[in-house]
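Consider the two complexes below, in which subunit A is the common component and subunit B and subunit C are the respective partners.
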Partner chain A sequence: MSSLEQLRIVAFVCNWCAYAGADMAGVSRMQYPTNVRLIRLMCTGRVHHGFLLRAFLKGADGVLVSG
Partner chain B sequence: MQLTRKQTDSCIECGECTGSCPISRELSGFSPRQIIKRAMIEPDGSLLHGREIWACLSCAHCSERCPADIDFPEFIRSHREEARKAGNSPHESHHGILQAIASLQTRNIKQQRTGWAEKVGAFHDTGEYFYFVGCLPYFDVTFRYLNLFPLETAQSVLILLNKMGVEPVISNHERCCGHDALWSGNEAVFRKLASWNVEVIKSSGAKTVLFSCPEGYFTFKNYYRKYFGDLPFEVVHMTEFLARELPGAELTFEPSSDAAITYHDPCRLGRCSGIYEPPRQLFQFLPETQFVEMERSRENALCCGTSAWMECSSCSKAMQMERLQEAAQTGARTLITACPKCQIHLTCAQSGTDMDLKVRDIYTYLLKRLSGDETHSK
Partner chain C sequence: MAIQGEHLNQRKEKIGSIVIVGGGIAGVQTALDIANSGFKVHLVEEKPSVGGVMAQLDKTFPTNDCSSCMMGPKLVELANHPNIEILAYTDVLDLDGEPGRFQLTLKKKARAVDPEKCVSCGICAEKCPVEVSDPFNLDLNRRKAIYVSYPQAVPLVYTIDKEHCRYFTKGKCRICEKLCENKAIFFDQEDEIVRLKTGAVILAGGFEPFDARIRGEYGYGRWPNVVTSLEYERILSGAGPFQGHIQRISDGKIPRRIAWIQCVGSRDNHLGREYCSAVCCMYATKQAMITREHDIEATIFYIDIRAHGKGFDRFYERSKSDSDVRYVRSMISRVIPNPEDDTLRISYATPEHHIREETFDMVVLSVGLCPNPSAKQLAEKIGIQLNEYGFCASDPLDVVVTSRPGVYVCGVVQGPKDIQDSVQQGSSAAARATALLADARGSLVAPPAIPVERNVSDEEPRIGVFVCHCGINIAGVVDVEAVADYARSLPNVTYATHCMFACSNDQQQEIKHAIKEHGLNRVLVAACTPRTHEPLFRNTLREAGLNPYLFELANIREQDSWVHQAEPETATEKGKDLVRMSVFRARLLKPLYETSYEIIQTALVIGGGLAGLTAALSVSEQGFPAILVERTTELGGNARTLYYTEDGANPAQYVQELIKQVEDQSLITVYKETEVVSITGNCGNFTSTLSVRGESEVVSHGVVLVASGGQEYKPSEYLYGQHPRVITQKEFEAMLMSQPEEVKQLKRVAMIQCVGSREPEYLYCSRVCCTAAIKNSLKLKSMNPNAQVSVMYRDIRTYGFKESYYLKARQQGIRFYRFEREEKPKVASQGAHLSISVFDAQLQTPIQLEADLLVLSAAIRPSKESKQLTEVLRLPLDQDGFFMEAHPKLRPLDFATAGFYLCGLSQGPKFANETIAQARGAALRAIIVLSKKEIVAEGMINHVDSGRCRACGECEEACCFEAIKVKEVEGGRKQAVVTEALCTGCGGCNVACPTGAASLAHFQEEQINAMIEESI
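Entry: the complex of A and B
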């Protein structure tokens, strides 16, 4: 599990900015690593620190909150 | 399990348990007597599938008074694992973060558990005394919103110990004691946490383990022995240690302008461990301090309303308000407890009111009253 590509990253992303950014990247055919799993929220204000711990508990190696 | 079944068979149906139960006063229909009776008729029946199994606070009011010596809390606890397997889970408070924190500690993780101690005192990796800090570092980051700093408790304990000439072991590898996992039907988590702790304490070479938390003390004293046999160290509660050692230590306390103080007996320290006197002895060291008892104290003390971070409800709030009002009625303006959770729960209930009552933990309070101490914080 040394390689960065093998790590499992959960990303909580805001519908209006980070998710739109990821969408834009896709539309522009830019590559981003496939080991990031996006969870779209209508606002990152919805994120409770319980979510972050739960992600780690379920086996995530890292959690990204973006919004 | 067999033991508990044998015990329940001796129920004489007097109803003392239900009459004593603080939950059954708030939640009509909750009756320990009937739960036991139903479990005898159909052992795998409604108990495993209903909400009642999670409503019990395990406060031990019932078992304290039971003439047939039935340990109702233990009876409930021993069925919770099965209830979970049957898909009946408790409502976890605070989005389940405290359960997640405990589960994460079963893994080989790197913790920062000693940062708070470096600032205030001396401690070592090996030595005769081990100070078991428990969940305080995690509570400290979780309950800032209540304007509470549970690490103050740990800091006060360390400063007091240092002043008494004890430089304890405090370990970065310590884990949650597993009390909550055990009482919410997660025995696997409890076993892992407990075996970590036993190893960590063994490797420190400590002969005595000191606990500021009643739950840690109770769990080590009863359940660690049950699961791991005799422990190679002695388990002592900080209030016991202080009551025994303070008279010989050259520490003096100052009078204060605080009005009277009162004390809330935590379930795990009082009814479950029988430690009523040591905390009260500590108040006698405080000069010009009027100590008053609440109407219900010692074995009759009301529970703080929630256990194992689950099932916090209107019932919990009602009990907490009742307890706060009882404290206020004594005329005391400071309510002292020896349990971080009681302090958190009572502070939470008080936060929505205009009650003029300070909820303090016993170690922070003692340190505040110590002569010539400028180190205490916030």
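Entry: the complex of A and C
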């Protein structure tokens, strides 16, 4: 496993677009590394900066907000 | 039922129930739509369970979604619906009476099992000594003589196969009877004759695949490795005979090369089966793409690729570019076996006209669709006319209307079609039948019984975890047992298990049982996406007496097993992480309560063409008002210039009659020269501002039907607009109608297909142009038999019964020249005439044509209004600019946003009769909302903690929906107040709130923080 794949990424995604996009990636069998954890929200409008900081404090190497 | 029916009969009232004959996807959709709009439904199915052919499919084109996963929630809804009675294993014997008041005679066949007592534990089948081949798996494996057709079958009741049962054939055995703990086996059970009163009947009897033995030269039934396409679906299926591993029938070895032969039993006039089966090109493409995922070579031998549906051409192109599926245009005359290794040889003609032979390990025959023989027999018995191929004949424009009033038809029994078309035709038939019985709406339905909710507020969380295999979709990659074991180790997890299909009806019973048995107060399912399956499980919780919001779904399929197929170990680790995150969130879930609000029972229809007119009329026929908005000065749209169809209908005349009906209908308000400029509100309660000839007008309505139409592309190619003798197909149709003398002078007419369609930037087929070219060519020939007609095409896509007109055109000497996209025809002006050079890809030779008229089959584009509407209505467009439905297969008439529906050309290119069917269907989808007095609002809305709110107004500023406002409350204090019906639960106010007073239910700060803490 390369060091890139050991990076830990937390993603905050909107139910209606990015989460749906991640579902579509699955339906299309697009393959991507296993090191990302998605947190579904009904809208990225819900993403408080405190969430991002908490993810970094917890040890995330990257945080993605997509919506 | 009988007593109630008699009573009604005396009062000469219509009966508020509808019988649907056929439990495939068309029948299932029809049943749900009707039951959800206030009528009782009896769904009659001849087989022991419903589901039809869709239940046998592995995946569906063009999304490659898992077929049973899509169907699962529908079957569960069907099985639990208070207004639907499923009469499976039942035949229809006769139909008497008149529209509104029919009497149907049925025979409930004896299963030898009491459905009330059978809990489908399966012990009977386990111990049954008789093995027989399994028809659900096309005889590719064995089942017992007591059986259920498939694990998720509805109803899930065992049936004894009397032809094979040892007791019924030899008079002794009765092992099942001895072992059945519930005493559900009754060998002496007899067939029962049942009479039902019903207001209308819908035939949805479906199809059976063509018997490939008839085409003996392909060796089906003789050479083991020649299989039919339906058999191949079962081979691909994870729940199939080989657990989804592709293998040869002869030796179980993995094949290296597989060939598909198209049009087996279709487009075959030697067999009297001229029609095209409409689905085989796409299912073969789908099967070949899945086959390529297994690293097996896939070759499709075809005549024309018919990718005429929405998204199909992109799918076809993707199969070539991404999946490396090989397509060979050649008819195959026979398959020759190699007995030594059971391989198969196929000879075909190369484009250069050489004969080449190749060897394949397996051959799949793409068999056509034939009308279901029992449906055909029933239609004959009850006086429904059939067409020459045995499908139910129906009105050319209103395709769900049969020759017998009060009896409607949908699905493949009306003609070959795919799932999407079957589903929308089902909704359309439902619209017709419920319009007939509109007065009787609600007369025979019972309000749903919901058990009293258990108060769990004082309990410690007790979480039940259910990890789904999804056949092999999940379990093929993720070690589901390990995930379930891991879940058991997590805090507050009282119970954890794994199951084959979490969404199946029997599994819902299991979940309910586990809730009771283990005192669960939170349920976590690790399976697929909550976007499709959350409502189903929430309902299960509700039925078990738990608040539905105490449910959590961890997505280990779309976002785990499907995207990490080559990494089972890390995918399993990820699965555990996702379950852990969800468990920690589930511990903090709280019950939520939904509020209900009144519905404005009026529809807003945007667009006054064929689709909009039909939709508005359809809404009004059911007793609800409609507001019809048309941008131009005149109603009727494109249909006004559609003078005739290939099968003799006249859409132009039809639409004029429709306009008259709409204008005479007091429930419809028509606004011409009007546009929608803004919309606020939500499903059931919208307020729109219209610009009526520049003047502003505000209207209120509960739903929106989008029918903004399409237009013919104005070509920039082939000298269109530069040379007077180059016109479009639509202009040619007008000329045929209005200038007969000029038409009679034409000597040589050339046509070019796919102008503006199937191009890299517009990668879609316009669906109607091949048929339009053929229809106009035949018209020209009838007016001027000496005219020479040459059609230059890429693939002829006369799907379904339209194929017979293509045959007729060739018989009448109309010439067809095929060209490739890379070598388009070249058109040069020659004074008043045109000279066209084209490289005929079939003959591999350049052809020179002279023409005194060149007709371009120009693409269908969405109307310009669509783009503007997408911004006003905030609705999505697809890559080609057409409106995008919620799901291309099973929700083709809805937008993903509640309360919005779509139909007609704004959704995609289609024929007039398809537009009418779609518009009626979309109207019915809208009526499901309109027919209720009130709607239940989402529980996931924002709440304000009055103790912490300091009325700063930050939330009000952040809210895009005007759902939160600072107002004076009791005691004269100011505070932020939420309008529940407007709150979408986006959470924007939570972020803006400086004190933490605003808190979005179900996505509270501590709930999200718990997930973040466990995500690493």
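Heads up, the rule we're going with is that the second predicted complex is superposed on the first by the 65 of 67 C-alpha atoms of A that agree within 3 Å, B and C clash if a C-alpha of one lies under 4 Å from a C-alpha of the other, contacts with A are read in each partner's own complex, and residues count from 1 in each chain.
Basically, a contact is a pair of C-beta atoms (placed from the backbone, for glycine too) under 8 Å apart; a residue touches a chain by one contact, two chains touch by 3 or more.
This one's a predicted model, so the numbers in the text were calculated from it and none came from an experiment.
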Should the superposition on subunit A be reported as showing a clash between subunit B and subunit C, or a fit?
fit
What angle, in steps of 10 degrees, lies at subunit A between subunit B and subunit C when each chain is taken as its C-alpha centre?
140
Residue contacts on subunit A - larger count, subunit B or subunit C:
C
Output check: A:Met42 vs subunit B and subunit C. Expected answer is one of first, second, both, neither. What do you get?
second
Taking the superposition as given, does A:Ala18 touch the first partner, subunit B, the second, subunit C, both, or neither?
neither
Report the closest approach of subunit B and subunit C over their C-alpha atoms in the superposed model, as a whole number of Å.
6
Starting from the residues of subunit A touching subunit B, keep only those that also touch subunit C in the other complex, and list them.
48, 50-51, 54
What residues on subunit A touch subunit C, complex-wise?
8, 10, 15-16, 19-20, 22-23, 25-32, 34, 37-43, 45-48, 50-51, 54-55, 58-60
In their shared complex, at which residues does subunit B touch subunit A?
94-97, 100-101, 103-104
Complex interface listing, subunit A residues touching subunit B
48-51, 53-54, 56-57
Subunit A-touching residues of subunit C, taken from the complex the two chains share:
63-65, 293, 529-531, 555, 557-560, 562-567, 570-571, 573-574, 577-578, 581, 896, 940, 958, 984-988, 990-991, 1000, 1003, 1005, 1008-1009, 1011-1013, 1015-1016
